[in-house]
Every structure is written in C-alpha cells, then in structure tokens.
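The structures considered in this document are given below.
One chain, chain A, links the two complexes that follow: it is found with chain B in the first and with chain C in the second.
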Partner chain A sequence: MKRNYGSIYAAPQSIWLTLFFAAPLLIIVAYSFMKRDIYGGVLPQFSLDAYKSIANPTLLTVAWRTLWVSALATVLTILIALPCGYSIARSGNQAMRLFLVIVPFWTNFLLRIYAWIAILGNEGFINDALRFLGLTTEPVRFLYNQGSVTLVLVYMYLPYAILPLFSTIDKFDFTLLEAARDLGATRMQALRKILLPNIKAGLVTAVLFTFIPIFGAYAVPLLVGGKDSYMLGNIIADQVSKTRNWPLASSLSMGVTVLTGIAAILFTLRGRRPTPRVLDESGLGPVGATAGIPSGGQA
Partner chain B sequence: MRLRARARIRAIRAALKGIRPLPPRISAQKDGSVWGRRAKRRKGLAFSDFVFGAVIAFLFAPLLVLLIYSFNASKGGSFTGFSLQWYEKLFMDSGDLWKAFANSVVIALTSALGATVLGSLAAVGTSRYGFWYRGYVKTMSFIPMILPEIIVGVSLLVFFSFVQLKLGLVTVWIAHTTFNIPFVYLLVSARLEEFDSSVIEAARDLGANEMQTLLKVILPMSLPGIASGFLTAVTLSLEDFVITFFVSGPGSTTLPLFIYSAIRFGVSPVINALSVVMVAGTVLLVYPLRNFLKAFAAR
Partner chain C sequence: MKGSDVTVSGISKSFGAFKALKGVSLEIKKGEFFSLLGPSGCGKTTLLRVIAGFEEPDTGTVGIDGRDVSGLPPDKRRCNTVFQSYALFPHLTVFENVAFPLRLRRVPNRLLRELVMKHLSLVQLEAHADKKPSMLSGGQKQRVAIARALINEPSVLLLDEPLSALDAKLRQRMLVELDTIHDKVGITFIYVTHDQQEALSVSDRIAVMDQGNVLQVGSPQQIYENPASDFVARFIGETNIFSGVVSSREGPFAAIEAEGIGRLLVEANGEAPVGSRVSVAVRPEKVRIGAVPPGPHDELNILRGTVEEPIYSGFQTKYIIHLPGGGVVTVFRQHANWSEGVPDIRWKDEVYLSWSARDSVVVESDAKPPESRGGEDRPRPSSASR
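Let's turn to the complex of A and B:
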C-alpha cells in the first residue's frame, strides 16, 4: 500500500504562508473594521469609520487619479509593447532581441528610477543639453508631475508587457495573415481581425502584469512625482508610517486587494495561468523558469 | 470573424489538393511545429522593427546617462571632465554602502534557502498526491505573486507589530522568504510536471521507500527546477525595495534601502558609479550562469 505523503510535504509551506501571509491579511481585514487609537494602533471596537473616511474628497481624488494613471500607463505600455513583441517574434534573431529587452532590467529597480531623475532633473541631462544649445536659461521642470510618473511607470513595466505578448505572438501562425491578405484584407484589417483575436491570452496577461503593479505603485510616484501625482500606494504608506491611522490604511489596502482580486478572477475565468514561459528569460518575472530553460533553444 | 472562417475554408481547400492544412488556432501547434514557422521570418524592415529600435533606445538611454555621469569630474550638473573619483570613493570610502550590501547578500541567500526548501517540498507534495488541502496550497502559492507589493509589506508590518516582533534582520528575512516561496513553488512544480512520473513508480516498485525515492529519484530529477527557483529567489530578494521598506528596522538596511535614502537625501555621484558596477557585475555573472543552467537542464 502506498501511503499518501502529500499533506506532509506541503505542510511546512502551508503553515508558513498561513502564518506570514494569510494571517497578516486577516489582521488587515479586522483592523479596517476597528476604531483608530490616538497613539497608533487600533481600539478593539467595531466601527465603520475607516470606510466612511475613504469617502472624503481628497482620498477619492487620489483613488480616481490612481485608476486614471494606471489605465493610461497600461494602455501606453501595451501600445508600445505590441509592435515590439511582434517585431521580436518575426525576427530571425529572437534570442538577441529578447536579450536586449531584458538587459536594462538587470539594473536595480531604484537605480532605474534614479537614472530618470538624472535625465529629467533640473540639473539633468536634458536640461544640460538645452542650456548648452542656448535654448533655455532657466531649467525646465520635467520632474515631479503626472507626466513624469506616467513616463517612468511605462519604462518600468514595458518588459512585463513585451515578454508575454512576444510569447503568444511567437506561437501565432503567420501564414494566416498571408491567407487574409490573399482573400483581400488590407494589412491593418489582417492584423486587427486575425492577429489580435488570436493573441488575446497574451494581451490579457500583459494588461494584468502591468496594470496590477502600477495600481499598487509606491516608489515611482514617491521619487519622481509631486504632491499632485500621489497615488493610493503612497497614501497607504503615509497612513501606516506617518499619520499612523491603521484602520484607514487597512481599509484602503482592502480596496486595492479587492480590485486585484477581481483582476485575478478575470484571469481564472479565462482559464489560463499567467505563466508565459519567456518571462523567465529575464530573471525579472521568474514565472515559468524551468519551462523556459529547456525551451531556450526554441526562442 | 468572417475573414477567419474564410481563411479556414482556404486551408481545407489547400488540404484537398494534397497540401497539409494550416493549424487554425494556437492550440493546434503547441510544440512549435514546423507549420507556422515557415512564413515567419521576414526580409527587410517593417514598421514594428522601427518601434522595436526606438524601444531599445528608450530602454538603454537611462543606463547610458548613468554611465556618462559616473565619469563626471564635478559633483552635479554639467559634464566638466573625465574622472574616476566616484569609483574610487565607491570602493575606498563607502562603508555604509558595503554594509548594506552585505545585509542584502545575507538576506538573499538565507531567504532563498528557506523558500527553496519549503517551496520544493510543497511542489513535490501537490504534484504527486491529492490531499484535502491541496487547493489551499495552490491558491496560497498564487495570490502573493499577484498582490501589489505594498499590500504584502503593510500587512506584514501590521502583523509584526501585532505579535510584537521587533523590526530588524529577522523580520526582513521572514518577509523575503514569504514572497519568495510562490516563485520557487511554481518553478519546481513546472519541472516536476515535465518529467515522466513512471520513473518514480518504478523506483517504488523496486522497493525504494519514500525517503529513498525523494532523495535518489525526485531530487536529482528536479534539481534544475530547484536551482532556478533558488536563483530567482536570490534575485528577487536582492531587488526588493517596497516590502523591505516596511519591515526593516535599525541595523537592517539593505542595498535597495540604502540607494533609496541616497536618492532621497541628496544624490551622490557615487550612486552613478554603483549602478555601472552593478549592471556590469550582473551581466558578467548572469550570462555564464544562464548558459550553465541551460546545459544543466538539457542533460
């Protein structure tokens, strides 16, 4: 008789994740329904104050801005990533092109943000160049607004969109495009009506891989944004560490989690797991690395 | 829709003439068969290739700027002359930076080790057996990957304060192990799904007990998956800023936290030099390692 050892193997991980992942989330849920204590922390009384205080104009503005910036940055990222993924998929030298996309992302996340400060800052590269050419005398302020936040967010998450898009486009049968052309479709029609419906899975993955992290963005708006480009992540962080209103921070976290949950359910409904194989070629989205390494020859 | 239908009809006609039909959907050629690859490589450049070129320029521009400024003789602003002083300062006179780096390495190695042990065992359990909480293991290993980092960070901070654990290296280690587990689990699971499970059955039939099967069959076979899981975990841990930001205390500054405070409170050109050294270091380290892993996996 073979014994079933499954539950023994899985127990350590389950205990760990229950203790350090599920329990903290449950505490957040509980705190969001409690009263805030003056000295930080919470009073153990049931209250809906935290949820009521979300409905103040300042917070709603930030929530709306977060949605808007995330949507805008995601759309821009996808629009850039689509032709990019297509170009890689149809290229004769896929490995090289993938490598080029991935290398910049071996730099530390914060150093990449910092590099943009070095480009856009008052004493940065562009202002330097403008002054050198005699076009301006006063530095132009490129940083600390919504534009710079969107730009840097697009920069940060571009590969997360390019890689899944590439991996689905790569599996697409390009002879179908020729067939469409033979049947009288224009180039655009062929791409829109044949290519796009066939790479829907990759599109969904790309959208979620960019939208979810951007929606919870914290460091980018903090470092290249100003007061007018604060996002929900920054508000949550401030409520946790500065204002120390933990119930409010918890209820905001709940909001973000629920939205992420909806996105995740959309995933499951599509019946696909978000594991594009190539993501691992990068070391940035380690999802699917074992699958990726043996298949390296294919790419 | 109509166009696709017509493309199919065309394929059927072609088949009748004795030519192999085109696989109409992605699923038809998961193995990357010859069909669909034939029409793939194009000659000449298309619009998408120009987009690709522009994207590569966009991705590399910040790194180039960092490279240029790292050799700048003056402290900020315009480029005044070539100098290696920032590199000298980086290696000779940046004690705090190297201390943070040492913390990062220690945390990365230990948390990757913990996550690898827990994640691999759970992967073995869920891939070979069905048991009552298998679904729970799978869900819990999936959610942390898609939840925005800030939520994980905030909930862990609230949790640590709830159980009155002092913030420091230990809390950072717990947090890193937690977010690393899902990635290791996923990578090892993928590897386990790939190989022929009848080998395991054979080992059992030949009288190996569970321990022997695990150590002599499953472990060697899933080693590439375990190795890539470990390396991924190390990378993720070295890179993490947001979660670490919330759960670190005095004396547990990691390299990303150090970079953050350097950016926040007066940028020093030493950071430019550090970026260049880190990119060069990663490329030199990762590239041979990847080739080694590929060869290792292809055994």
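Let's turn to the complex of A and C:
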C-alpha cells in the first residue's frame, strides 16, 4: 500500500499559515463589513459603510500617490539592481559581494531609516558638509517630501531586487552574449534581446519583491515623509490607532491586498507567457515567482 | 572562392601570469579547411577568440583579406563562430535562432523566411524550425549553431571544438557533414580541435600548437609522416621515438647507435651529422612483425624481441615488444591478411621487427638550431623525394 505522507509533511506549514495568515485575513474581511465602535473595535452588524467611505477624494489622492511612488521606487530599484546583480554574478568574489548586499539586514529596519535622517536631516551629514564647504548658509531641506521617501524606499528594498536578479543572472550562460555579438548585435542589443528575456523569471520576482512591500509601506513615509508623501499604509495605521475606525482600516487593507494581488497575478502571468511549454534546460525556472512573496503592508 | 584569407601575425596574449599565445603567426588561405590542433591549454581556442574579436591580443595583428581587423568588435568582423557549447538562445525557436542576425539587420520578412529556410535545409532541420533548442538532440543543436553562424554569409567560419560534446558515432557523421557544408559554401573554415583524428580527416592544412606556440603547419600527410618535432610526432597518432648518437653517414642515411635498441638506419640530411644526438620517430604501422627474419636489405632495420603485450582491437592488434637491450617498440598489425598463413603471434613469442630506413624520420637533433624548429612547412628531404 502506498501511503501519502504529503499532508503529514505539510502539516506544520498548514497549521502555521491557517493560524497566522488565513485567520487574521478572514478577521480583516469580516471587520471590513461591520459597523465601527466609537473607541475602536467593531459592532457585530453588517454594513457597507467602510467601503462607501473609501470613495473619498482624499483617500483616492493618497491611493494614486501610493501607486505612483511604488511604481517609481520599483523602477528605480530594478534599474540599480540589474547592473548590480550582473556585476556580482560576473565577479570573482561573489560571496564577498553578496555578503555586502546582505549586511544592512543585520541592522534594525527602523534604525536604518533613522540613519537616513542623520544623513539627510537639517543637522545631518550632508548639510554639515555643505555648510563646511561654504556652499550653503541655510540648511537644505532634503527630508519630508516624496523625494526622500522614494530614496529611502529604494534603499530599503534594493537587496530584495538584487538577490533574485543575481541568482538568475548567475545561471545565465554568458557565451550567449558572445554569440549574439558574434552574429552582429551591439553590446546593448545583446543585453536587451538575449540577457533580458532569459532572466525574466528573476525580473518578475524582483519586481514583486519590491513593489508589493513598497505599496504597503508605512514606516518609511511616516519617518522621512511629509504631508505630501502620506501613503495608504499610513492612512490605515491612522485609522487603526488614531481615528479608531477599524472597519475602514480593514476595508482599506482589503483594497491594498486585492490590488497588489491582482497586479502580482497579472505580472506573473505576463512574465511567463512567452515560454509556455518548455522544459527549461538552462535552469531559468521561475525563481520563487509565486512562493514567498511578501504580503502587502509591513506595519 | 567566396572565402577570405586570414593572416595572423605575431599574436601574443597573456591572462595574468599565464602566456596563452607567444607570438603566433599563420597564413590561412581562401576557402581552406584549416585546423588548429593541440592539447587543452595550448592556446588554440584563445587564438580563435582573437580572430573572432572576443579577445584583444597583447601584441600582433589579425588581417582578413589583407585588411587589418585588430580592434574591431566581433559584430564588425566578417567571421562567425560555432561555439563549443552551441550557445543557442534558449528563449527562441530554431527558426528565430537562425533568423536572429537577420532580424538585427531588419531584413524584410519574406526574404528572411526564405533565407532561414534555405539555411535550415542546408543542415537538414526544416522540420524542426518551430522547436525550442531544449527539445533538440546534441547533433541537431550543433546543426542549428552551424546554420545560424552561416546565415550572415561570413567569409570565415570559426569552429571551436564543435563536435566535442557529441558521442563518437555522431561525431563521425557530423564530421562528414561539416566537410560537405564546407564544400557547398566554399568559405574559409578555421577549426579548433584537440582530436587528431578529426583534424587529419577533414583538414586541408593543420597547425599543431603547444604551450602558446605553433609547432608545425602542413597538410595532414606532412604532419603525420614528417612531424617537425618530438611533440608533434607523439601528439599525432602513436609513435616510437628512439634517441641516440649518429655514428656514421651512409649516403642519404644516418646510422644511429640508439639506446636500448642498437644500430638503426634513418633517412636524414644535414640535421644529423656524425656525433650529433638525435631522436628518431617511426610509426607503429610501418613496422613489420614476423616469426621469421625478413630477407636482408640495405635500407631495412631488423630487430629481434619478445612480445610482452598483444592488445587485440578487432581490425588490428597492437604489440608491445621488448628488445634484449631494454628498448621497447610498439607495432600495429592490420588483420587484413590474418588468414594468409601468418602464424598467430602470442605473448612471450620471439619475433622479428623490420622497417625501412625511409619510413623513419629524425624529429629532434642537437645539431638542429632551435629557431628553425616549428617553422612553416619546413622542407624535409625524406618523403618528398619518394
């Protein structure tokens, strides 16, 4: 008799996910359809109020801005991570360079944001240097705008983009680039027509790993952003802790989750379509394209 | 001839402390099937990559049709490469792989289709146009790589050990196919291999390389029959090498006191004056083996020895014969006349070995100035006069 041990092996993961992912998610879904209680919490009555109040101009402005900042930060991150991953893959001491990419993770997330305040702030290193060199007399205001939020977001999520890109580029057969050059392609044509299509899986993973957490960003805009850089994550946090409108916070969370979910599914499908049936000999399988995507929101 | 001639002059290339090429010069003729043959690490692939434009040489120039192409990137050279690993683009179909160079040049669709199908039929792959490379066998991948390299109509095709990943049977077939394709397209082929059989069977000329130097350039016959050095003789096929001192000269022959062997006659000219120390090579298939001594002859070397190791391999048997003086001689005997009354030769049998002085050559000599060694088509007296 052949026994199926699969479900036994999967049990720890199933229990864990049920307890700490599915159940909270269901609670949020439930809350979003209930009435608010004045001091936080919910009244167990069905209501669509929370969803109705989403369609409010301020919220839509913030949603639009969140989308824009996330897209911009993702594009910038990928543009930096691509050459970075490429150079690590081609370098002689990969281990050392990967180590350097991972080192920032040893420091607390919040501390790293405060470090940026120390660098960019009015009394920060850059302003000190500018004053010392006599270039400015008044401090330059680098912080508390969309620019500083984008910069810090790019910094925060760069490793998440570099690592998957590195791992696919590392498996890429570089003689393909020589072959392309040999057949008449310029350096750029070879990279665009041969390298990029062959590292698509890594690109998809890198985009998802950066876009999704940035879309739910909370701490970065809170600490280095101003009023003009409030993001959905901040609104949700405010609804939970200040306004204490839990149903609205829940419905907003649902919105973020659904939006990023749809985006992720579309993007993954698009990334896969050109190679539908191939037994990928080069080992360029979709690296973690579906597994381990960080879910929206970090706060 | 549609091909180009390729002139390589004084090419040196180092990777760190390793000198891959040490001043290599070659003249490759239009339409020639030219092989670079040598053991791994001899610099043959580096030389090919220099010609293709993937490596910038430290010194020296590469000329194609008399035009200096040094410094030009690979996409600006009229030569294309068939890579050892095939380097097919995994995300493109066979058709699109072959069409890749045409798409870069924005060739109109109808012409593109026609050209691609023409080249696919040259390598008999029309039926596989829509497959991805991962669905092809090794031999098919190889053919796609050849079709793709030929579609730009290069004047020189560079082949970097193209058959090394195939099994022995398929290698033989692809070799014949390569030869046919060479005849059809008529361009210059520069073929890198470490397999002397491959090089001997398809090349018009061969350059034997070792440690960054070209040791000898010549036709397969010249290379095999008149190796310019000890190394070439040993590298191409099997050979017996005897060393000793020239004791006397007898017309076109030198008599040598060979260590462990005794007196040997070898055809030689000025490179073997009396008193010089020489190495003599004789191919195992040139040595006759028999249970009875052959009739006396002026030009014949006759030795007696004991069979220490008969190695049967179907079409021939290889014998390793130990001589009383301690020398060892390897002999091949074809089985063509096995049944013609030649008594079977067994382990520990006493046998007579004989070969003509004209069938052996001097491959090293201390009277030979070292600069003259390794030169191009070094004129040799022996087989040319036959």
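Methods note: the second predicted complex is superposed on the first by the 242 of 299 C-alpha atoms of A that agree within 3 Å, B and C clash if a C-alpha of one lies under 4 Å from a C-alpha of the other, contacts with A are read in each partner's own complex, and residues count from 1 in each chain.
By definition in this document, contacts are C-beta pairs under 8 Å (C-beta built on N, C-alpha and C of every residue); 3 or more make two chains touch, one makes a residue touch a chain.
Source: prediction; values computed, not measured.
Of the two partner chains, neither chain B nor chain C is touched by A:Val75. Of the two partner chains placed by superposition, only chain B is touched by A:Ile88; chain C is not. Shared-chain residue A:Arg181: touches chain C; no touch with chain B. Look at A:Tyr31: by the touch rule set out above, it reaches chain B but stays clear of chain C. Of the two partner chains, chain B is the only one that A:Ala10 touches; chain C does not reach it. Of the two partners chain B and chain C, it is B that touches the larger number of chain A residues. Common to the chain B-facing and chain C-facing surfaces of chain A are residues 173, 175-176, 178-180, 182-183, 185, 189, 193-194, 197-198, 274-275, 280. Contact residues of chain B toward chain A in the complex are 1, 3-4, 6-7, 10-11, 22-26, 29-30, 32, 35-36, 38-42, 46-49, 51-52, 55-56, 58-63, 65-66, 68-69, 76-79, 117-119, 121-122, 124-126, 128-134, 136-137, 140-141, 143-152, 154-159, 161-162, 174-175, 177-178, 181, 183, 185-188, 190-191, 194, 204, 210, 224-225, 228-229, 231-232, 235-236, 238-239, 241-242, 246, 255-256, 259-260, 263-264, 267, 271-272, 274-275, 278-279, 282-283, 286, 293-294, 297-298. On the chain C side of its complex with chain A, the touching residues are 52, 54, 73-75, 80-81, 83, 85, 87-91, 100-101, 104-105, 132-135, 148-149, 152. In the complex of the two chains, the chain A residues touching chain C come out as 173, 175-176, 178-186, 189, 193-194, 197-198, 274-275, 278-282, 284. Residue ranges of chain A in contact with chain B, taken from their complex: 2-10, 12-14, 16-18, 20-25, 27-28, 31, 41, 80, 83-84, 86-92, 97, 100-101, 103-104, 106-119, 123, 125, 128, 131-132, 155, 158-159, 162, 168, 171-180, 182-183, 185, 189-190, 193-194, 197-198, 201, 208, 212-213, 215-216, 218-219, 223, 233, 236-237, 240-241, 246, 249-250, 253, 256-257, 260, 263-264, 274-275, 280, 283, 286-291, 293-294, 296, 298.
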